[in-house]
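Down below are the structures I want you to see.
Look at the two complexes coming up: chain A is in both, with chain B in one and chain C in the other.
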Partner chain A sequence: MRVEVDGAPVEVPEGATLLEAVRAAGARVPTLCFDERLAPFGACRVCLVGVEGQDKPVASCTTPCRDGMRIDTRDPAARRVAGAVVELVLSELPEPPAAHTELAAVARELGVGELRWTGRVHEKRHDMRHPYLALQNELCISCGRCVRICDEVQGAFALTATGRGFEANIAAGIDAGFRDSTCVSCGACADTCPTDAITELSLLALAGTTTEEAQA
Partner chain B sequence: MSTERFDSTITTTCGYCGVGCRLDAHAVAGRIASISPALDGPANRGHACVKGRFAHQFSRSRERLTAPLVREGGSFRIATWEEALDRVASGLRRIRDEHGPDAIAGLASSRATNEDCWVMQRLMRAAIGTNNIDNCSRVCHSPTSYALRRSFGMSGATGSFDDIDAAGAAIIIGANPTQAHPVVGARIKQAALRGLRLVTIDPRRIELADHAVVHLSARAGTNAAVMLGLAHVVARDGLLDRDFMDARTEGWDRVEELLEAYEPSEVERITGVPAGDLELAAHVYGEASTASIFWGLGVTEHRYGSEVVQLLANLALMTGNVGRPGSALLPLRGQNNVQGSSDIGALPDTYSGYRAVGDEATARAFEERWGVPLSREKGMTIPQMFDAAIAGDLRAMFIMGEDVAQTDPDSAHVARAMESLELLVCQDIFENETTRFADVILPASAFLEKEGTFINAERRIQHVQPAISPPGGARTDFDIITTLSRMLGHEMGLDTPADAMADIAALTPEFAGVTFERLGRRGLQWPVSPDGVDSPILFEHEFALPGGRGHFAALPYKPSNEEPDEELPLILVTGRRLEHYNAGTMTRRTRNLDLMPTDWLEIHPDDAAAAGIADGELVEVRSRVGRIEIEARLTERIEPGHVFTAFHFPEIRTNLLVGAEMDINTSCPQYKVVAVAVSPLGRPVAAAAPAVLAEA
Partner chain C sequence: MSRNLTALVARHSSLGEPTAVELLAQAVRERGAVVADDVRDVAARTGLPEATVHGIATFYDDLREPRGALDVRVCTGTACFAATGGRHVAELSDGLGLALGERSEDGSVSLGETVCLGFCHCSPAVRVGDVVDAGPQAVARVLSREPRQAAEPQAQSLLAEPVLTRAGDWSGLRRVLAELTPDQLVEEVAQAGVLGRGGAAFPAAVKWRLTRQAPAAERFVVCNGDEGDAGSYIDKQLMEHSPELLLEGMALAAYAIGARHGVVLVRSEYPRSRPALEEAAERARERGLLGPDALGDGIPFDVIVVDGAGSYVVGEETALLACLQGLRGVVSSRPPYPAQSGVRGLPTLVHNVETLCNIPFIAARGAQAYRELSPGATPGSKLVCFNERFARPGVFEIPFGTSVRELCEDVAGGLRDGARLKAVQIGGPLGGILPASLLDTPFDLEPLAAVGCMVGHGSLVGFDEETGMRDLARHLLGFGAQESCGKCFPCRVGLTRAHEMVQGDAAVDRARLEELLEALELGSLCAHGGGMPAPIRSLIAHFPDELGLA
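And now, the complex of A and B:
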């Protein structure tokens, strides 16, 4: 199959997604809920692109290519919506994400600066009982990556999505913490988390954001 | 993972199990700050486990050996490298002159790199003049190596871990991948969730049994009967691949005759596996268009372990399930470089590529390149070394990276052997049970501190690169051994591990095209032709035996001679747990100890009731050769009549219980069948062993 990305032709195999075509063409589109180890999820709307002949932008990670499709990664509507999505996500955090996180990188890429919306932010809630894994619930943006990698790669089914709307978050087990869940301490959740909501205790110390609990 | 936070990030290969995960090691201020899985790792594909990912703090433990130690009277004192190496060289020289080269033996390590093992075997063969060189694969997969050479002609997995995804069915026997090979365990589990039809065979109901079509709880020591029973049903019910058998195999007639006796009802009598389950399992494997077999030490560490591997190969030959994507035989290797340490010839009977030391042409090629005469006599295996030490025939041992006093069977016998030696040199990263007997202890390097290659369970040669430096005065194993060889008068002329790989490639047809540059990020699966083309699948068109045919083996079931009796009514099976690794030298010096602070004995509630044992009670476990004390925990996941524990904790000393019984062909110890009695001690379990975590 042949598609066009920003005017450049690219060959893709049958079943390829728009995101795969974009990457094959050497172009870029930011992503947030995407992880190449996982089945596409299409939840965050950050990877939106324009497609010729369609009036609304589409999520590139879940949309399959069709022969002759013309993809525009610079589609103004797509960029505007993606920026707004990230801005909304950031507005719920009590503090900006650490500079090294994927979320911070995506915000930089989309040019999200001063937040236009202010309102309720998540309350700090930390679980540092595991010897390696730190859970910082206030940084969770409900992208589902940790839950999915635990299910789709490790198969431990230790993490669950909890709550709805503003209260949406994640929990190990039935809010029992990693140690009392079916967690096997593989660390895949920390590896994929784009915000440090789950991260390594030792890296928290490195970032200088060590909490007293982290030392405990 | 974004890497700007770190001073350096190096992609290397995990030093724990034989899966061979590729890892990104991130360092800050000379220490490992974090490890994350490499997304393009062929075996791990962006995943890792609690050991590979987190258990790295041991590398800067305060207990690391950072200076050579020499024995003075009853204790050790710090010495300079010059003094320590001089003591080793002069001791080895004196013993060789007085008693001949065969009074000296060396152990390479399946934890070390191929290049470390290569120079170690060259030290023994060329600098000392003996074939007394072995490695710890002796005590795990030597039966696999022996059997695959017999059946197919090469000693390695016939395929790759990617065959998990291409297989329609798979048998897992004598392995517990989700604990011992967690990343492959996760890959198998995901495949099962997607529809891979699994058969699990083990006296324990392993986690993957919950995802299997059928689980066969065979009595420990009866694997051969199970395999013969499966073959019986496959043959009886017309599931044979006649075309494949006619074109590519020989020896079927005798097997066909032999199989008649193994009717499912008879196999049920021997193994305890219900006949119906056996029939179902045979159909799951035999009816699939692609089917693979995975096995671990639960197959090999038996009196007839090597024969059972030959029986696994029979089943694959009967159904044509070898040499195709999805149809692979994949031994799950316990250590990072079990495959490589043997491939490169750290063995008493073979040079690299499993060529006999008595083979004149091979020996001449080595003599020509190394410029020294070489012995044509087979050397001693590890168990033979211990016996020879006690008998006074073996006087010196050089042990690199193995804690034989904790991990080899019959620990009391091993201790006696160590005490009998005139000179014991240990080269390691920590003091351990074996170094207590040493005369000289040389501080070496962990996998995070050295360059070289490991070969994983799918024959993949992968690059290992240093992420940090060795601590203090510790040196790389490669540097120590090449220096010592020079002092003994054999200049190897190998300045770097890359030079050693060139030496290996020049002398080993299977490695002919291997260079560090060519390995790249994905490694190469041997054999590698001179132009660098590798071999993900073996035996696609022919086997590596005369005539190109695979060999059926007509081997009947024979009972183990370690049968339970009235006095010792239970069978002890030993194995591994997720959080720890082998002797525990590394994982017990990390926070994995918080996750699992001590070990326990798994016992079925029926057996516990019969012995009057309550859950959590301290018990005595007694075998014919030893006794230990351990906490008992009741579980229905173990077949009645069996108990299970690991060997990660020196304070428990599980291997005191294991006797001298071994595989008839390879002298691999029978760790998996030990008749024991378990009785309550009427004392509470002492407070958990102090979870001392030596963090620098």
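And now, the complex of A and C:
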């Protein structure tokens, strides 16, 4: 199959997504809920691109290529909405994400600086009882990567998404923390988390974050 | 939807066994709340991981809040809002001394909210156990512990002969089994031009062909009985008063696509719908219309009913499929479409209740007769329903193309007590709001779209001059934020921000609001986040001053 990315032709296999085509062409669109080890999820909407002949931008991670498609990674509406979405997501955190995180990098890439939103933010809630893994719920942006990697790659099913709407978050086990769950301490969740909501404790100590014990 | 979790569901429970959602709801009914032991128990019974079951218990309204021995749930839907401006909620809360979501310390009473009990014809509505009381005195009766079951709405057809407001007689199925092959039935439905009545108006035959062609040993017909739209009680009417018609429609769809199993997901806000359907199914089984030879010698078809547990977005088809397998009712991106991978990963045809109720007429009388029901307009007829503000609220079967004015003034008799209609929201919470000045718009897909509205599922919620449009915006966005499934970022955060923008009386920055609406419309994964801006855009266009735009 042949598609065009920003005017440049690229050959992709049957079933490839727009995101795969973009990457094959050496172009870039930012992503937040995407991890190539996992099935595409389509939650963050930061990977929006324009497609010729379609009136609305589409999520590149979940949209399959069709032969002859012309993809525009610089589509103004797509970029505008992606920026607005990242600004919204930053506004749910009580403090800005650490500079080394994927979220902070995507915000820089999209030029999202000063937040204009005030209003509700996530409540601080920490679980520090596991010897290696720390969970800071207020930094969670519900990208689902940790839950999916624990399900799709590790097969441990220790994590779940919780709540809905603005209160959506994640929990280990029956919300009793990693230690009292089926967690096998592989660290895959911490590895994929784009915000440091789940981190390896040693890294957290290096970053000098203060922590308090959670109430289960 | 996690493939591993659906595989676990398929491996551990057979069709018709209670889902994890139903088991958790049972725990709430028995003990007032889900506790950790319930989660472990349900995990053991369903084969699902404990964390997963915990996630399910935190998703649905019915499972999240503690319930007292006396469980009072007040409707916060749009028809009830139009009736009282929300006063009935405050009165109940004051009278019981409980905030929404609270249970008294001794566990004797709890107060929760519920979005639309389907008694929008006599708002405000309050549910106590399985009794739904409604009307101006409902709150007083509930507070004096004497709730009374409210009268059901009336249904009436304005056609020469009713197509939808009738009991089913199975004549369509009988004729089809004798005269048409499955392919011929699909073609008949294509000729009839049936469009889905669940809101998206998608051509039914396209889904039938896709599902029929998907290679699989087994296929499913799923009926979407979630009817989440506040102000709508059309599907409730059909499920409770024409259940045979619905079952016949499902059997016909099953014959066409080659399915052996049908599932109806019924929202828990309608306590009478499931019994009505199950009794009708039992009668049909006795007559051999469902069961081992339903679709011909040795060709089985049967239907089971599964409960929802309180979530608007579960009406979206992928979320519906998750819920009826007992999982969190979260939207999944498509592809795969349900026609490719639905219940248990098998090809599944999902239809709205009313859509399926259209099929028996086509089967009995043919596509041409169906197209003649609404000359020059969308094929078939449509059920609409009106809220309590109107003089003659109820369910009416109408031809497409009738003007909204005729509907509001002639069919529903205008507003009661001589009040003036200020605006009407059509087709549910994701539908635009038509100001009184545009009432001459024909009730059909294109004319309504041209004025920023939609047919949607067919409810007409009228507002009188008492309703402030800023209050309405706050009501709608509060609903939107609360019901967001939380999957995609624009809707999860954006609807909360939009709701915050219209709190209080401070001026609303119009450019900011429109920027946010654009992010919701273009960014959202499903039509919840994508559609919530529509009524707000109507208010911006027609009531900018009341909205307090700056």
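Annotations for the structure displayed:
In the analysis below, the second predicted complex is superposed on the first by the 210 of 216 C-alpha atoms of A that agree within 3 Å, B and C clash if a C-alpha of one lies under 4 Å from a C-alpha of the other, contacts with A are read in each partner's own complex, and residues count from 1 in each chain.
Here, a residue touches a chain if its C-beta (ideal position, glycine included) is under 8 Å from a C-beta of that chain, and two chains touch if they have at least 3 such contacts.
Note that the structure is predicted; figures quoted are calculated from it, not measured.
In the superposition on chain A, A:A59 contacts chain C only, with no contact to chain B. When the two complexes are overlaid on their common chain A, residue A:E152 makes contact with chain B and with chain C alike. Set against each other, chain B and chain C differ in how many residues of chain A they touch, and the higher count belongs to C. Of the two partner chains, chain C is the only one that A:V81 touches; chain B does not reach it. Of the two partner chains placed by superposition, only chain C is touched by A:I174; chain B is not.
Shared-chain residue A:S185: touches chain B; no touch with chain C. Counting contacts as defined above, chain A residues 152, 155 meet chain B in one complex and chain C in the other.
Per the touch definition, chain A reaches chain B in the complex via residues 36-37, 100-102, 105, 131-132, 152-155, 179, 184-188, 191, 200, 202-203, 206-207. Against chain A, the residues of chain B that register as touching in their complex are 1-2, 4-5, 28, 33-34, 36-37, 39, 45-50, 53-54, 178, 182, 186, 189-190, 193, 578-579, 591-592, 594-595. Within the complex formed with chain A, the chain C residues making contact are 2-5, 36, 39-40, 49-55, 58-59, 311, 328, 330, 332-333, 335, 481-490, 492-497, 500, 512, 515-516, 518-519, 521-525.
If you check the complex, the residues on chain A that touch chain C are 32, 39-46, 48, 56-57, 59, 62, 64, 77-78, 80-82, 84-85, 88-89, 91-92, 116-117, 119-120, 141-142, 144, 148, 151-152, 155, 157-168, 171-176, 181-182.
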